[in-house]
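Sharing a structure here in structure tokens format.
Labels run A, B, C and D following the written order; every chain starts at residue 1.
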């Protein structure tokens, strides 16, 4: 049975496991103050080209979104997101749980446009009763988006300009950041990302780690006593080394980007195969997630040999299915899928 | 200067003030257990035709929505509302503050349709990952809606059937309930309202009281220790008599409905005037709120003599303005406005 | 049946009702921006001797504590209070509901001492793991305290010095502020209160109003967009005039203090009676609450003619009972109680 | 430099790392539904002697306490804990963050007594105003306690009887459960623990895992949609296998208890050394945490060669220091410490 369900159904890159084994019996400080975490933070800051950045490690994506957003919003503020944004749709109300509203705007290919955000803010402040409404206090996007699409440097520059104009921090969810950055369609580098937002995270869980996400506050703007806020949220792990060692490994000799490239290469091969065989793409996604529109009968047939991710049902007879490649996908898996298709 | 800004810019019906004066020096129990509150509850239950109902008094509308919804939702649930619904748009995030998401659905004339709710729920449970999303746990509507429109008995019956099918309590925000029920277009009575939902409130603040809303749990379903939940929310007042006396007066000899009728009569007169003079209605609202689409230049001119409520700006040159009548609006005010128009 | 249960079992001072009647049909702005609220704020600022103060009206005491404390605390902070403090014991967890811990310290006669607060803070920061604990971010006291006792000017000066040293705003709950200030034992004025804290409230509900408390931010420190935070908390009433008119009346010609004096005079008479008749005082309270330790058999007998407030049971055979006088207590009530005792 | 700071300053037991490596490339279901998690759950249920139990894996201790307690409490309830309890003192307000109060009772040797809990509940319900106070809705204890002490079977049986009498679920924090159960002084087994409470967790982080705690709902009482509540709290990890594999290993062939024994053996050796050398024990702790009262000058001297945990300062000249052994402590470390002492 082939499995293209997700990019988080295998363990970790072998180099990570090796390092965990090698360092296992060293006694180190807990709560993220160990030498591996410190080293990893340094490497990340260098890779981002901003030595003044502050890096904080968390365990998973929803947790990261929840901690960053709730720490940065003031009480009267909410966070703007595309209506397809992960925080608004697939996090079980994690932002609302911290008392804040997600303010949804219609997406374009999974993306928020600078214009849509600007119009929303202008309309908000034009309302005489705006003080009775939730203030737009932050903007959330993801790179790549939930549909695997990418902001161009121009789009992100314009969006960030609007954010700065209205004093709303821009936060980028980088659960699959590696897959976005190494993709042929991307005109962005990690430095660009760091420059064009206030805070973002580098996803580990979906890019070769067992767990872990690295939050980067890029503008000397880590919220006061963020560590205590994280603890209060139940999000601090005692053995911070577990995440520290992983990111230290991922950011040694460019491993993070190297393994990201594998996912994109395999996805490109697979897209060619789908294209050649006449499958219909539901959305044109340049990264490692491929959304295929299938007739339900066809889907049923495929499911006998391959597992893929249910995405949505646009109508009664079709289903959108996601095929995800990852850092670990092999050519032989693609070969096997080709045969089945 | 005329003032049609809102239905809450004057004090209370004189009979209420009289009763407050008459009962002022009586020593009564506090926290809503006084004899006036008890008497008012009895009268309301009778008026609703359900002796088993439980009634609880709160101070204002947003507070009522927040307390009722947060007490009835389970932790994993959110509340479905029209995207124009008051809880989602004009309550500064009061629901989210209690940890719950408002799930917005597109409105039709300010209303939620049974079909839209059913489709939403079906789609929700059809999603393989529904456990990663906020459960639809309750349905919120208002009667009349924020656009002053009304559900017909048929519409409400259908909507409530869907709610019951999927075990989602139906909650009706009745901030202007009186104005809705006495309106010519309404085919509903207070008994119908009580029968066709799980909980609703009878608005006092906008219908002749200084403050106060009467929550009616119609199906023997008041949340356990609701009083303590209200206290925890800071929503309990020590001198519960203040609201008790008011509702006791409003529900004596049908005063609540009698004064509601005045608002509708005056609104009907005013609508005729607008119609005759060729003004454009933004929405066809049968109740006491009239939404007029004005050119901005015309608006500026009018504003020299009359105050009305800003509603929204549909484009750069027009503004939607709300003219509200109330229990206290007089014919001479309508006459004066007619001259100005 | 006599009733000394509380100081909030009667309505409002007649002058307040008169003013409500007189102003009833005026159309005024809602949400606390009406002319009566503005006038009341001015008068309060003058009475406090600080023209730069900011005043905000809320409806009840628990609501006020909840709104002020949650708006002033940062996410990682809690509020220090005496273990007998109202916020920690009798508000159903209203502070915790907003996500913050109440940090209880042992009381002395219902009061927090400067030394106890300083020791707590020093111990806190001396702990290597203080970042894993709730930061002491604010200090809450009440004047008079829950036991009716008073801070001397010296005590309050010392306490406030500690608060300033450790950058913790000092908040005074003045639910019965009038009764404290006019009491013979008090060496404080309203100006002193305003000077010796960062924020306090002037209680209306227990001192002659139907409802309403006036929060005074004394150091130009009203939290940003406090109005929206209040709205989010469900604590804003539409007809702000209701509270505005009441405080405008209470702060005209010193009415607030004049009616407070009545409670103290009557309490002093009553204390003399208790003393003469050999009753045991549970605590030496100089204000309008009198705590008497009664044998349970005696209590049962008394309860046939007079209602008083249950306070606590120090042992199996005794009960502490509270007799409260108020702005409305009459000499004939005291005479009648004297006969019964 | 020796290091006895904590029992979580080394990695994982080697068998765990082996299994992580062996299973690394298998594609498994995410979010805790993988075969390793399922297998681990089965083994834990068997070890607990209750096949009907439900097991859920979380990442860390504070997170576990927060998720379990907030899911089990009703809105109007708080959780009783010893004043030394971890949830009240060292979790940065994680319980309050979810809206609930921790109700502290004085500890005896770190423990709650059945009598203290019963008295508290009786006093609570004896208060006429109990509905204005936080309901005692749950009881939290830890085994071993924060002072390393243990409840006897008799003590726990009595405490649980009180909990059942007043319908308060009993929750046992087992961060160091292994060290408690294998200790010579313990008269309890894992089955006893499961029988004598409603929910508990088996600590992994401090007993040989990289991360992970296994919550056991023992009475068929896992809260409805607990998975969604966990997701909402940001506490779900995508690669649930990470914790599943670890607990599957720990509960194969009794590894969890075997490695726990090492900590106790080493602690016993160390206690004998302390005793022989005349050190003063601050508390008589039978498990793997040893609390020594040191003069500050002595502490300074020791700190040149050995790291230990700061605990508290009982007075100006002494410090309580914690020496913790663990699953990984070696005899040579004890030898080395003996020389230094």
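In the analysis below, contacts are C-beta pairs under 8 Å (C-beta built on N, C-alpha and C of every residue); 3 or more make two chains touch, one makes a residue touch a chain.
Treat the numbers as computed from the prediction; the structure is a model and nothing was measured.
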item: Touching both subunit C and subunit D (chains); value: A, B
item: Comparison of B-D and A-D (more C-beta pairs in contact); value: A-D
item: Chain separated most widely from subunit D, comparing mean CA positions; value: B
item: Whole-Å gap between the CA centroids of subunit A and subunit B; value: 41
item: Whole-Å gap between the CA centroids of subunit B and subunit D; value: 50
item: Rounded Å distance, subunit A centre to subunit D centre (Cα mean); value: 33
item: Subunit B residues counted as touching two or more neighbouring chains; value: 76, 91-93, 97, 99, 131-132, 134, 228-229, 231-232
item: Footprint of subunit A on subunit B - complex, ascending; value: 76, 78, 89-93, 96-102, 104, 123, 126-129, 131-134, 310, 312-313
item: Partner subunit D, residues of subunit A touching it in the complex; value: 3, 5-6, 8-12, 14, 17, 20-21, 23-30, 59-67, 91-94, 97, 205-206, 210-211, 228-229, 231-239, 241-242, 328
item: Footprint of subunit C on subunit A - complex, ascending; value: 70-71, 74-76, 99, 131-132, 134-135, 224-225, 227-229, 231-232
